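Below is one structure. I have some questions about it.
So that you can tell them apart, the chains are marked A, B, C, D and E in the order they are listed, and the count of residues begins at 1 in each.
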Amino acid sequence: MSKPAVEPSTIESAPRSFIGRLADNDLVASFLSSKITVAAGLITLILLLAAVFAPLIAPTNPFNPATNFLIDSLTPPRFAAGGDPRFLLGTDDQGRDMWSAILYGLRVSLLIGIFSVLFGGAIGITLGLIAGYTGGWIDAIIMRIADVQLTFPAILIALLLDGVAQALLKNSNREGTAFGVLVVSIGLSFWVQYARTVRGSTMVEKNRDYVQAARLVGLSPARILVRHILPNVMGPVLVIATINLALAIITEATLSFLGVGLPPTQPSLGTLIRIGQNFLFSGEWWIVTFPSLTLAILVLAVNLLGDWLRDALNPRLK
Amino acid sequence: DAGAKTLRFAFQGELKSVDPYQINESFSLSVNESVYEGLVRRGPDMKIQPCLAESWELLDPLHWRFHLRKGVKFHEGQDFTADDVVFSAARVRGAGSDLKGRIPADADVVKVDDYTVDVILKAPNPLLINEWESWGIFSKKWSEEHGAMDATAMNATTPPYAALHANGTGPFILVSHEPGVKTVWKTNPNWWDKPRHNLDEVVFTPIANNATRVAALLSGEIDWMDPVPLNDQARVNANPDTQVLAGPEIRTIFLGMDQFRDELGHSNVKGKNPFKDVRVRKAFYQAIDEDAINQKVMRGQAAPSALMIAPSIYAEAKDFKRIPFDPQASKKLLADAGYPDGFEVQMDCPNDRYVNDEQICQAVVGMLARVGVKVNLNAEPKSKFFAAITAAGGYDSSFYLLGWTPTTLESFNVFQYIIGCRDQKTNWGGNNVGDYCNPKVDALAKSALQEMDEKKRDDIYKQAWQISLFDDVGYIPLHQQALAWGVSRKTHVIQRPDNYYIFAWVTMD
Amino acid sequence: MTNPLLSVRDLRVEFATRRGPLVALDGVSLDIAAGEILGIVGESGAGKSLTGLAIIGLLDPPGHIAGGEIRLDGRRIDNLPAAEMRKLRGRRIGMIFQDPLTSLNPLLRIGDHLVETILAHSALTPKQARERAIALLSEVGIPAPEKRIDGYPHEFSGGMRQRVVIALALCGEPALVIADEPTTALDVSVQAQIIAVLKKLTRVHGAAVMLITHDMGVIAETADRVAVMYAGRIVEIGKVSEVVRAPLHPYARGLMAAIPTLEGRVARLAQIPGAMPRLSAIPRGCAFSPRCPEAFDRCRVERPPLLTVGDRSAACWLYDRGHAPAMTTEIVS
Amino acid sequence: MSAALQLVSVRGLKRVFDVSRPWISRFIDREPRRLLRAVDGVDFTIERGQTFGIVGESGSGKSTLARMVVGLLRPSAGQVLIEGVDMAATSDPAARREVRRRMQMIFQDPYASLNPRWRIGDVIAEPLVAFGLGAAQASGSEKTLDKAGIVARVDDLLRLVGLDPSDKRRYPHEFSGGQRQRIAIARAIAANPDFIVCDEPTSALDVSIQAQILNLMRDLQETLGLTYLLITHNLAVLRHMATRVGVMYLGRLVEIAPTEELFAHPRHPYTRMLLDAVPDLAMSGRARTPVGGETPNPIDPPPGCPFHPRCPRAIDRCRIEAPILRDNVACHLPLSDSK
Amino acid sequence: MIAFIIRRLLASLGVLIAVGLIAFVMFRYVGDPVNQMVGIETPAAEREALRQQLGLNEPVIVQASRFLLNAARFDFGISYQFRQPVSVMIGARLPATLELAIVASILSLLAGVPLGVYSALRRDSALAKLFQALSLVGISLPTFLTGILLIYLFSVTLGWLPSFGRGAVVPIGSWWTTGLLTMSGLKSLIMPAITLALFQMTLIMRLVRAEMLEVLRADYIRFARARGLSERAVHFHHALKNTLVPVMTVVGLQLGSIVAFSIITETVFAWPGMGQLFLQSIQNVDIPIMAAYLLFIAFLFVIINLVVDLLYVIVDPRLRAAVHGASG
């Protein structure tokens, strides 16, 4: 063994603490540098926690019909005239505590958002990786399928799929199928975006020398895709995912308006708004205002995070 | 011209066709009545009045004679004669018609002379003309000229003329019909009757979205609309220019239970059907606080009902009281029936058909939950709901909410379609989704049809109601739903409990 | 050099970062006379491009000039308002960038680029501008310019495009052209053609050229004088022939020795150990001291200024008369 | 040149890229298929322990050739034999793997050749894991895949290329270009290959770093007995590194000669032109003779000798007949003949 | 160029056929049309007969291929609900929807592009940040709620704008009607168009901003500056042009989703367009209308795609070369 040609690298090698590295991280720093982003992050976090711990925070379980008394219905919020101390944000037409309903609804909306993004992402990323890596006719077929998919926006898919699902799953109840239908139809409307992005990045990455090096040691394409390429195409995917999360939550609300949302017994924020909009003229403003506000804040915060992520992950915008 | 009075009318659904035979749906029937008149019509008090028939007599229980009005002309100028009635009687029972039931298939409609028509029945039917106001008379000549002999056959390859054009004898003449967009009528200056209205033109627009429809009324863009959502009634009344005309409708909302299957299709109870046990049905009944539903969900606008027919069309309804709301009794009944911890069942419910249908179901779910029954609510649009629960869908429901308007305005219709034991061939009990079946009730109902005396008929019905709804608890009636029209204060309309929109009675300031 | 066209004194360029300012150029001083080609060499990241950008006033934020001054014809230009500076660009100072593939707007015709630029700098009519554009194209050696002028950038090869870029830089007849690695992306054979065009430029138009490159060979062949940069500083500046033959600064010496030549095979190339420090970790004292075989204590604490050695300058304490070890001074003589 | 000494032998290697437009477009515009002959019949051999250099302008097919030699790209025709074994023709997977293990590649761009998401320890260990080479070769027990063995070997390799073993936990972006190239070299030699293809290993590096890498490559060649195929467009680098040189032009080798000979007496006019075009650092006053024109479009190369449009010596025959490589030069009028 | 178009059309045809098939298979499960065609009292036997007449009992593939064959002749059958030829119905609703969608697109472009350009050019200014944040508010509420709130404000409270319908329309030619030529038509268009445009505007604005920021960093922009071009020329001649090329595709694709989203807008504003028709047809299981609508959307999408691609070719000389096959 020959003497090293040069002395060992001059990079400082003392390992630093986790916090130290965190503070040094560009992503974290850019996050902390914008007040709006920090606020959006905090709000998202709070809403996430509220959703996760809804059963602990909420005074009642709005999904349990036995605890909603019709007698209590249409009570104004605690702080408004005629309010009842039991109901912080008032009750809806079923006597459901709005505060609890919002907490649980948030949970449902977020779940729908997350699952549909995961669903769309999983399909899109897989197909995108395959199309980008293999190319040729497989690529052509996948991209044509994507074209077909694009002609079916989420609204159309949901309207159609809702019928299909209920016909196929005749014996399961709607409360069960609605969630699946929403996740699938919203997710389906997303996958093309992931597929196109991932395909593009994959076509770039696959010609990178590190992939060639991996091929040289005889790794299988699947392994190369998963271990080497996938981590490197996740950046833009993450950005799309964030923005789609917000979009999915809004889409669910919209679908609820068209009657293919979640059942009113297990309302999401969208369902609450759909129900609440019937009270726009009637003076029971709290039924629509609070869920809408929560939804708007959630969507806004998530979108702002997406914005930040987009800028932060784009090296050219630094 | 400036003084022209235009009535701007909006409804939540669209007018599918201007051919009244095409669909047996009360909105389309009622609106088309302004163009096509029947031999009879109903007044504001729901009483049957002469219309194109000046009078009629019952020669014997099987033989009806109608004397037609003379000097009546169709909108396009044709004279109205017995030929048109015979033609229309054939058309209404012909291909593509959805009103086939208006005249028994085996009845003969015979021209006696130009202004006399006989109807010869195979079986007596005192209720023959109860639904005849919706069976408007077509001009034979016009129909032949335009190939509108049939209400359109479904598989037609050319568009039916009569679905877009109309030629009746009524107070209004169709000007244009853009399906699902807008329909315009103008006054018939040559109408045989003296108009009560002072309109020149009627414009109908469908506005499906509740909030938009209310907004359009509030902002004065429309004069009359239906329905006003219960929530918005206070707002409409608070507006100085608009008001709500509310009243009980004759449609009864009720709950049905599957008493047919040996095991429920949508329940966790296996191997048996709890609804076959009258105690369970009664327990459900007593678990439901209809007063609360009326107060909260219906905002006090509905009429809680002990029967499945409205008091306005059944005189003896006042003798019946609902089985009292009593959760304790309910729990006990369930325990007695072997379900001390309740059970789980799916409830099917439309969410765009009846007034606050989904909310009623939700309330029911909550109330049943409190006696231990876990109800999974399956609320869906009417297209899917009806697809599942009708005969075509295999009556696929274990527990459901439904509404029924007896179009004959008479109890028999309810027994025939809803309470009677299901019979494929005769379509008896055709809408008895849960197949509640008691032959005694059927026998009573059928015997009523033989009874020409109204009072005696009502007594027979009384027995039948007692057995079906109180002894057997075959159904759980809830209420007659509220009727709520929104009108501008300058528009004066007459509201009938069957929710018919009669343009000919409207006056505007 | 009594009356330099361009004179840069103690130029300092910083990047504002969240960890404080990053000094990318520190005390850069140089002069260029009319008709002269000044070469700037140095490793990647040494600050060559920044020097050029600072002079033409196109530093991208957060980069900015933090000190020193730049004079063109004796007039200070580093603190001009944006509008004034824009008037100088193209007309007094032109710049050519490294990558001919990306320097042209792919959606516009070659002619559009040229005419637009000519019109921005003169009172010609569009028709005259077009004629001038054709003349410029033929001047930089594009065959059949009247045909090619309506072509799009992608229809040109790399070498051709670089010529177009040069023509564009010449539209306003600038007195100073900053050429940032104009030949790096090109093949050797084409490189020679481009160099010839640049040389002609100084001869015919009397323009001064600041030629930025990392290829010593190109400098040796083209430039009159050369500045060697290291870590944001000029370490040596002087006549090309002298710097190439007998570099003063240990870095320059190492650099020259590390270049393999055609002249014959050596057993091993001389190599400078280590790598240029990152801007955030430039050592105190001489930036080269950690890699310098001849560094002594002072080098590690005190930063050497550019010291005049004959008609050259070098930023190295070896040439500070008072402190230099006697032995190394001999190299100079 | 005895066959026993030949480690690598390349025979009639060709690679054609189909760069046609979609069939329907071609059909309508009545246009033939467009083929790009990136490598068009290349033959050479490399002896064990030697460095074979290939030089040529951009687009002449150097990288394509390199990728075919290591098996990243399937040749359209021809063979690559490693000690007589053709990897493409071997059906036995174990044998294929063995051939694959014996050759590795170093890439041009040090920034793209390392997966940015991987720690460099993992990067270097990957071939070891893939080829099942756990233990350091010193222990003698090959094919045992144990973690400690891999770690030890990675440390050795890092030291061998002049890095510190503690660097293995870092990510590529924390290294400079030269250091990355060292890491890439460490990965390339991890599986004890005999033969390394280097595609412009230093052209992205500064001269001072280039010297380090070239020296390292030389050192490794001496200690490990490596054989190199070195691709570059820098004649000086070639002069410094190669034992024999092939000159490529538009997909063909136009001249092959031992290094000294090539530089002293170039025989092909193109070689001559390349040599003339190198800037004269020694400032010997040698005038650069800019050659007119640029490399022709490889999709429709000129008929006859592809170099003839730029060749000062071209005769009519050159315009019609493509010369074949005879006597190690592909020219109708080689320079030495005329001299 | 012709070859390019033909190739695209062939691919499009495939897309159309696929959409037709998928749509048709799905309809099987949307509900039973017969239920909606007759009243609830109609007996089962009659329903069965009707089903037979409509061919609903045949295998899906038979129904689907019959549908596609007819569709190729622009014959989409007769609406189950309205008894009108579907092509006529869609034709009658088409102007309303297209007018709404196009006005909304123009609106979103008119607002989105300048806002995007501004917030890219003045990336760090307070106003740009405000635009960024405000634009998000537009997409933070579901469309239907925005629409109803607008109605509440402008129709009910202020009484400025009509709450529903299309106002007075005038016919142009034999089959087009427009509301753009009457005062009431224009007034009716304002709120639905804004509601529909809001989402797109946000999207376009953010896209333009992102693209522009990228383009502003391109070498040719820097070189344009170095040549002494004015900021205006640099921003609007060079940067904007290059920015709009990718924006074009997205805007094109979005037109498809504008039409889809018009389902909600049309429902809220009782706008007599295709979206409303489609929603009604779903509620009524009016299969011929549903199928024709989906095919129409696919067709629209395909056409837009083609136009966008052609525009690309026209705008971007590099693609032009690829399409023409010119080399060198």
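FYI, contacts are C-beta pairs under 8 Å (C-beta built on N, C-alpha and C of every residue); 3 or more make two chains touch, one makes a residue touch a chain.
Since we're looking at a predicted model, the values are computed, not measured.
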Let me spell it out: compute each chain's centre from its C-alpha atoms, then which one is farthest from chain D's centre?
B
Can you tell me which chain lies farthest from chain C, using the average of the Cα atoms as each chain's centre?
B
Between D-E and C-D, the pair joined by more C-beta contacts:
C-D
Chain D and chain E have mean C-alpha positions lying a whole-number Å distance apart equal to 53
Whole-Å separation of chain centres (CA-atom averages), chain A against chain D
48
Cα-centroid distance, chain B relative to chain D, in whole angstrom:
87
Any idea how many Å lie between the Cα centroids of chain A and chain E?
25
The positions of chain E in contact with two or more other chains are 30-31, 148, 152, 156, 217, 267, 282, 328
Do you know which chain D residues sit against two or more other chains?
179, 212, 215
Do you know which chain C residues sit against two or more other chains?
271, 273, 275
Residues on chain D engaged by chain E in the complex (per definition of touch)
21-22, 24-29, 31, 34, 297, 299-300
Provide the residue numbers of chain B that touch chain E in the complex, in ascending order.
10, 14, 16-17, 19, 22-25, 98, 100-101, 152-157, 159-160, 163-164, 178-182, 205-209, 211-213, 215-216, 218-221, 352, 381-384, 386-387, 390-393, 407, 417, 424, 427, 430-431
Contact residues on chain D for chain C in the complex?
57-58, 176-179, 206-212, 214-215, 218, 233, 235-237, 239-240, 259-260, 263, 273-275, 277-283, 288-292, 294-295
For chain E, which residues count as touching chain C in their complex?
217-220, 222-231, 233, 237-238, 241-242, 245, 315-318, 321, 328
Quick one: in the complex, what on chain A touches chain E?
36, 144-145, 147-148, 150-153, 155-156, 159-161, 163-168, 246-247, 250, 253-254, 257-258, 270, 273-274, 277, 280-281, 288, 292, 295-297, 299-300, 303-304, 307, 310, 316-317
